[in-house]
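For clarity, chains are labelled A, B and C in written order, and residue numbers in each chain start from 1.
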């Protein structure tokens, strides 16, 4: 019996969310006594055999999909449908990406399996012989625990599991033909209009700006500081609503879930849906005028001060150093 | 959810959280859907607009608001909704409702409900209708006979040009907000009738397959507080922050 | 004197980095947070009357020097601290000079024996409250602008806080004050609990809105933080009955710190699940020394029950306490939704206030096209009367002129109706530039007193020209 993991590759390697999904599958592997199969859709020849796996997967199944079809969601869904019909996995995990969150419920409905999105923990439930899955509810102020029977398709939330390398192992790769071009007739064109924020996940240092930074000028100053340290810059819902930053860099429950090594939060009060977006950060430094702000309940280091004052102090220090 | 005091996130014995004192407002994503629909109608008055919900009588105030905003028809399918209800069941009922309406080319839903936040209903609905689906939509325009749709994808924002029919799930927008209804329109809307359907009225339900869902077994909260070190001195804080930045960026071999 | 020479003079007085002339900054300082401008900015409004510069003042000596020079050269100045005015009191006349005292922000002395605190004008109230709270004290002054406002502006606009029914408005809290007169003279009124040494000169500063000089230092009362609070909310079937209830409570001698009556629209909007249709919401919060809160709370309960009000417990108060200043976070929300919205507070004697409320609502609903909402609440009560804080909004075309027209119409209805029933056109926001045009009607035969004061203090008419007293276009 198989646990499938629908993974994604970007810039020539597996995305972090895909690796997290494999790690989750490997946890389940022991509990369910099943094997773990990574499922990809890539143009033929884009990587060589053998596949070097570091997370504990047993084999890779790749469907030949031309690069021009990368964004053809309808086609990709049909391919996955075919995969499920061929392999009948008991559990299919999807990486914690926008694509994964869309595919899991749609595919589950097509197949007649159960589906859940934004899953935080997944484990075998010996009582029901199914799985026990938890996910956030009520804006992240609470969690729901669900009992799901197999076959089930689960889209994971990103950054909920620590990546554990298991050493490099060469595993077999099987290339399969994708279904005949079955997309959607009514789609005339698709093109990427803007590509902001797609590399935020890789940044080790992240600056998150909330409404408290005050104005766009301060944002530019923060961007300047971020650039010096190769850090990323993201924003809370309020910062995006003010038009300071684009939607693509929204951090929070319904935006990006990031887990940098160092997260510096300026002028955000720490509302629960936002905090969920940075909860996985190793170290959080927060600056907020209000010393009772909830952000200080989740930070390691804090300062109650006007953001502009802190920005000015940092700029001064950096000038001295550089 | 913002209205609820943080001390009140307590799970009661019957596995519910009492949020009864928080005002009922239209979910922000559904607001996006409404505003998008109204803008499409502004651009093309030939568009007919319908607002539909599954809920009990309390939800009618939201439909009245939609009518006040000049949505032509409002339909309430009578039914209880709880966070324990699987989205598969909700989508099935909505699908039957849409089939009953008949000529529908575009369906807009919020990306997730407040509360259960399953994020599935719209997507499942598309599958049940057999229509394509575009998720996390921020803007929709009509150009000739086509829809120009902007939506979030992993790489950024994608523009999709397509014909109908299609289901769109809406996410927040930085600059589109639901317009306000005038008092007069609200008063007029209160006189308009909302169409009521019961599940028994939905013959179409039979043709929509029932799907398995997950069942909610319990709700719980997690109390996680870190010990935050608050720094009193501005200079010291700046020093410590830069020290941290150096420490981390050094491991990456960059800049600082 | 030409602009360049003026700038150089200021640079010599305060330092080059504290004289700002970049257009972006001048636009930022061109106005305050008046609702009308927030909406119009969204529709593309930009000031055509920029100041010539912003001068940041850090000491009273600088203030003296600068004001002397401005008076000499007859240049209009606009004193400014927190920038949270809502009546265009800070809108810059073309070529004026903004005197920004927001960085003159030292807390000078907390005196626990006398229960006073002395601060420079640029101290933010929020910061002052935090500092005092740590020592177990409070200013007792909680205007909705608390996250933004500073002491100089709070005194200059005769501001009032949400707990005023117990603590009073700023006029009851000001003990001593220092400021610079338009001709550069530094004057100080010493701290005294009460005196009979001629007219109370503090009242020339209180409400001066920058027209009589610049405030540099204030001393206000502080209070020990009260140990006990009693909070109770009630639903009542009519707004007018609610007013009668409040009148009975305050006239009996009680002073609940928070005494609020929200009409049915506001009650439904904020407390929907608690209300039955048509009900208004009464909120009472009592605090005081040991035993006081309960005593007052029981007395309030007895009165409201007499009128058949429905008890709702303390939850509505908890919600109100948490969210009362949230509006500061999204002042431009309505503009984004295509409406021009603002608030307008007036006051009147008990015998007139109910009529004002009713007629304003009637007229607005009848006369203003595309009205979205008109609501009112009473939030500051006295033995002789109370205020009504109206909130109003109407859809308008996304144009600066359309917003102005609709705004003027809504505001005009409130002003006319208030004056018709002998009420006062402004309870606590200040007159600013916007309401100056009604001041002659407002003060009636007393208007010459204000005129003479202005002439005496500012004969050259350079301090915040256009505020408080209308400028006659001759």
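Please note the rule applied: a contact is a pair of C-beta atoms (placed from the backbone, for glycine too) under 8 Å apart; a residue touches a chain by one contact, two chains touch by 3 or more.
Remember, predicted model here, so these are calculated numbers, not experimental data.
A summary of chain positions shows that the Cα centroid lying nearest the centre of all protein Cα atoms is that of chain B. In terms of the distance between Cα centroids, subunit B is separated most widely from C. Centroids of subunit B and subunit C (each the mean of its C-alpha atoms) stand 39 Å apart.
One finds 20 Å separating the Cα centroids of subunit A and subunit B. With each centre defined as the average position of its C-alpha atoms, the distance from subunit A to subunit C rounds to 47 Å. Among the residues of subunit C, none is in touch with two or more other chains.
Residues of subunit B in contact with at least two other chains: 175. Residues of subunit A in contact with two or more other chains: 291. Residues 269-274, 315, 318-319, 322-323, 333-334, 336-339, 365, 370-374, 393-395 of subunit C are the ones touching subunit B in the complex. Of all residues in subunit B, only 3, 5, 20-24, 175, 177-184 touch subunit C in the complex they form. Taken in their complex, subunit A has these residues touching subunit B: 8, 10, 71, 74, 97-99, 101-102, 105-106, 108-110, 112-118, 132-133, 135-139, 141-149, 152, 184, 186-198, 204-205, 228-231, 237, 240-241, 243, 246-248, 250, 253-254, 261-262, 264, 271-273, 283-286, 291, 294, 296-305, 309-310, 313-314, 316-318, 321. Only residues 1-2, 4, 6, 9, 11, 17, 19, 83, 87-88, 91, 111-112, 114-120, 123-124, 126-128, 132-133, 135-136, 138, 146, 150, 152-166, 171-175, 209, 211-222, 224-231, 234-235, 237-242, 244-249, 251-252, 254-256 of subunit B touch subunit A when the two sit together in their complex.
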